[in-house]
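Each in structure tokens, the structures are laid out below.
Look for chain A in each of the two complexes below; its partner is chain B in the first and chain C in the second.
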Partner chain A sequence: MNITRVDFKKMWGPGLLLIILVLLATLSLHASTYTVILLTSILMYVVMTVSWVIFSAPTGYISLAPAAFFGVGIYTSAILGNKLPLPIVIFVGGLASFCLALLVGALTLRLKGIYFAMFTFGLVELIKHLLLWYEIKFTGTRGRFVIVVDNNTIYHVMLIILVALLLIAYLIRRSRFGLALQSIGENEDAAAHTGINVNALKTIAFAISAVFVGAAGAIMATRWTYIDPYIAFNPLFSFMPVLMAIFGGMRRFYGPILGAAIFAYLEEILITRFPYYYMLIFGTILVVTILYLPDGLIGLIQKVQRRISGGQHANT
Partner chain B sequence: MIVTILDIVIAGLLLGGLYALIAMGLSLQYGVARVLNISHGEFIMLGALTTWTLHRAFGINPLISLAVCGPVAFVLGFIIHRTLFKRLLTSSASPGVFESNSMLASFGLMFIIQNIALVAWGPEIRGYSYLAFPVDLGGALFGANRLVTLGFAVVIGLAFYLFLALTRTGKAVRAAAQDPATAGLMGVNIDNVLALCFGFGAAMAGIAGMLISMCYPVHGVMGLEYTIIAIIVVVLGGLGSIPGSFIGGFILGLIGSIVTYFEPGLALAAYYVIFILLLLVRPTGIMGK
Partner chain C sequence: MPILEGEGVTKYFGGLAAVSSVDFSVYQGEVVGLIGPNGAGKTTLFNLISGALVPQSGAVKFKAENIAGLKPHRICKKGVARTFQSVKIFANMPALENTLLGALFGKPNNTAAADALREATELLEFVGLSAARATPAKDLTLANQKRLEVARALATKPELLLLDELMAGLNPTEVAQAMELVTRIRDRGITVFMIEHVMKAIMSVCDRIMVLHHGVKIAEGTPQEIATSKTVVEVYLGE
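Up next is the complex of A and B:
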């Protein structure tokens, strides 16, 4: 009996997720266009946040590079979109981001802590300005047009990317690889002494986290139809995943998903209702979360649960 | 030919003076208070827009609004450190954790200040004309306002250096930069000194904003660009080294001016290339330990 209870407890999380995913997959059959577009944005933010968490949460390195990978995906779509079929374009977008991340990771993951954050932030701006210069100098135009894909297709592609990502993220968390990343975050020198190839693992994790962001960028570009370096390499796409992951709480697998979903929906509401104050509200939420909720929403929920259950696990 | 070189060098120094001032402010905040303040540029923006408002609404000479921008930014910075960052400092487990937490909190601060400024001043690009007559320097022509800017940057930089080198508070700041815990044990009121440094950094940003508004158009979202330049200069000069930031500002200004001469579109890209090369080859900067 005990075994079944444990199994049930373990199963309800993934089971719930499965139900939600099935609901999401069939949603476009009856939902309005607005809902589909809104959900695509939310899914995009969940993809970016969970990707960010794969690398940055266990290792403790703050990466501000998501915007770079996202932009690479967007430009892949803009350049190849009318030459190749959509699935290949998205695959190439992911692959291009993967290669960029491998290169950047191999070069820079020796940098410790805050230096890495600064470097990755500089990277986004460097690519943006080089691209802008190249476009104006050699192609003569600032922006590019992207092929149009209908909203339902974009939505389903984003959902597929998300499912693949969640699977990979879950497997990494459960594997020796994930454990090694965790130990790097706790004490990098000690991890190296126990025989973990620290730099190689960090680089691979960084590259894996880039794949899905690139793929998401490739499909999102088709919704915007017109892009230029300022749209594609917007630093906000680097800050948002960080914000959302912190808001949700990174200790649990569901934290970043929850944080991203709530935050993305909040963004939509705030932009439409309070267009002049939404940055202010975002900033306040970020500051308050860092100050008072170090474990994010999930931490808060657990605290409340513990209080309700009468402090049985007071010290866990 | 010589005139061209003189042209480039003087333009670089003029730009460098501003960069030096901005970077010294950030260097104080990061080098001593350990806050990589992403909202640094927002204090510059506040200084610039305040100066513009005072000039437009009351006809106050921009140089006189120095007496407003500096102290107000100082008080603002002091209060922010005493409330927000002090709290983070006590709740963070290690200096590393504090560095990432405070950086993220300053992101939040950036959003907040930027939004308040957008509500207060709107998104329009603003500017005014002050001392905008040319001065002949050995054949090269420069605006008088830009020369005044350079003069101010140098004077403030030197004054601050003397303050650090000669006064008792300056000594406490230097001690806190080396080792905050030990400085506290030696009787330095560390909370006050850290808040003081953060305040001074903000004050320098405010003054830099006032100088920028004399030469360039200003608007509500100008801050981030200057923050990034400040970060690059601080890394170039060596994290935590104030003379390093001062010299680094002029070096970056010169580089910017040289690159602009050959290929105007690549000036910012050149800054990032230098930044990335520095981080890879010599992350301690030119004056770092």
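Up next is the complex of A and C:
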């Protein structure tokens, strides 16, 4: 009985995801421009959150670097956008973030806990100010213009990035690589003494989690048309993935996806409907989630499921 | 030729010599005990062998090759596995996955998932944890967590197994079971180097015993020699 339940769950998740993806892919044919733009930013947040979860959820290293990788992608687009075709620009954006993460990871992943979190956040500020200094000193301007790409293309590129990311994230989670990452989060010393090259593994996972954020930055830049270091390296992009992942719950694969999608939609609704109370309501929802839903939305869903199935899975 | 050999192994913590020019050798197929009062440097010595710490001077030779200074995962792949004094398990993972990780990553070359799974299952049976294979490691009793650590260490196919206080905190029945487990590990052809405070266990299981005190090796010999050694008795009971 237990086995059928597991099987059902295994089929249910990817199946539903596939249907949603097909719907999303064909959506731009009949949806309004507003819907497409809204969905693009929702997809962007899903990309950032799932990327963050690849590295930080299993290993327990809280990374606040997403804004740095995002910004690198944005600047790649700003610098190369009018010189190279779009797919290559996006690829280079991902690659640049990957290289940055590889370098930073190799240097800093020996830091543990809060020190790693602080360093990664410092990285965002460091790159921002370095760039600001460079732009004013050498190019003489603060911001840059980015080539314009139409909304449907941005949307579809973001969707492709997301699909590739979900595939990678799913494979990592199921592979021995994912198991090893999890063991690092459980007990790093024991993992090292079990033959796991913890530093290499952490660095690679960190770099993989940066690729898609960089790619997302490269495509999003084209929607904003004008960028400067403050827009590109906005610390909010470091905190959002963390909050969204917590909001969704990290125990299940679809938790962060659900969390990011609902969170991003909620933000949009609140900004448009209640512009004055937006931050207040947003903060309240966040506090309530953290206090009463320690496992996020996933925890809530599981609780409801348990209620419905009549205490079959009561704690023993 | 010894399978494990230490030559003048030294480690300072600040000004304190935790391990001070210790020479030792462990031969293939032996069970060697390491005893000494608290703070004698026993676990530090194990950390120096397993790569958790790097000695300031001296060499640790495993099968005639100096492994001092290598990373723990490299040393593990060379065939030295260990357990920890305070159990270090993957608490939220099932017992089987704990063992599986050893089988997947601990050997010099890659193992196919199916083979690793078979080995892990076999080892859980060997240590007597078959029934608990799906139980998260944190829900096991201390005795079983220690056995799980042994299974995980054995899964890396070691030639030398370092056991750090396998029997600490166990009740008399569990101690007897652990002693029997050590004997069965030796019967598999694995050399065992163990730190232990339970004298009954160490006296009956070990072929040879080394005594550390304040980071210095003060005695070495068969269990009988150690039990009757004047220096050892002085260290443990005072003059």
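To be clear about the criterion, the second predicted complex is superposed on the first by the 306 of 316 C-alpha atoms of A that agree within 3 Å, B and C clash if a C-alpha of one lies under 4 Å from a C-alpha of the other, contacts with A are read in each partner's own complex, and residues count from 1 in each chain.
Here is the rule we go by: contacts are C-beta pairs under 8 Å (C-beta built on N, C-alpha and C of every residue); 3 or more make two chains touch, one makes a residue touch a chain.
Fair warning: this is a prediction, and the values are worked out from it, not measured in the lab.
S.K.: Sharing chain A, do chain B and chain C clash or fit in the superposition?
M.R.: When both complexes are placed onto chain A, chain B and chain C end up side by side without any clash.
S.K.: After the superposition on A, what does A:Asn187 contact: first (chain B), second (chain C), both or neither?
M.R.: After superposition on chain A, A:Asn187 lies in contact with chain C alone.
S.K.: Just checking: does A:Ile196 make contact with chain B only, chain C only, both, or neither of them? Give me first, second, both or neither.
M.R.: second
S.K.: Of the two partners chain B and chain C, indicate the one touching more residues belonging to chain A.
M.R.: Answer, by number of touched residues of chain A: B.
S.K.: Quick check on the superposed pair: does A:Arg176 touch chain B, chain C, both, or neither? Answer first, second, both or neither.
M.R.: In the superposition, A:Arg176 contacts chain C only.
S.K.: Answer with first, second, both or neither: which of chain B and chain C does A:Gly113 touch in the superposed model?
M.R.: first
S.K.: Using centres of C-alpha atoms, tell me the angle at chain A that chain B and chain C span after the overlay, to the nearest 10°.
M.R.: The vertex angle at chain A equals 80 degrees.
S.K.: So, A:Ile301: does it touch chain B (first), chain C (second), both, or neither?
M.R.: A:Ile301: touches no partner chain.
S.K.: Chain B to chain C: minimum CA distance in the overlay, Å?
M.R.: When the complexes share the chain A frame, the smallest chain B-chain C C-alpha distance is 12 Å.
S.K.: If we count contacts the way the header does, which residues on chain B are in touch with chain A in the complex?
M.R.: On the chain B side, the touching residues are 36, 84, 87-88, 91, 96, 99-101, 103-105, 107-112, 114-116, 118-119, 224, 228, 231-232, 235, 263, 265-266, 268-269, 272-273, 275-276, 279-280, 283.
S.K.: Considering the complex alone, what residue numbers of chain A touch chain C?
M.R.: 176, 179-180, 182-183, 186-187, 189-198
S.K.: Can you name the residues of chain C that touch chain A in the complex?
M.R.: Touch list, chain C to chain A: 50-52, 71-73, 76-77, 81-82, 84, 88-93, 97, 100-102, 104-107, 113, 152-153, 156.
S.K.: Help me check something: in the complex, which residues belonging to chain A touch chain B?
M.R.: So the residues of chain A touching chain B come out as 60, 62, 107-108, 111, 113-115, 117-119, 121-123, 125-126, 129-130, 132-133, 136-137, 235, 239, 242-243, 246, 276-280, 282-287, 290-291, 294.
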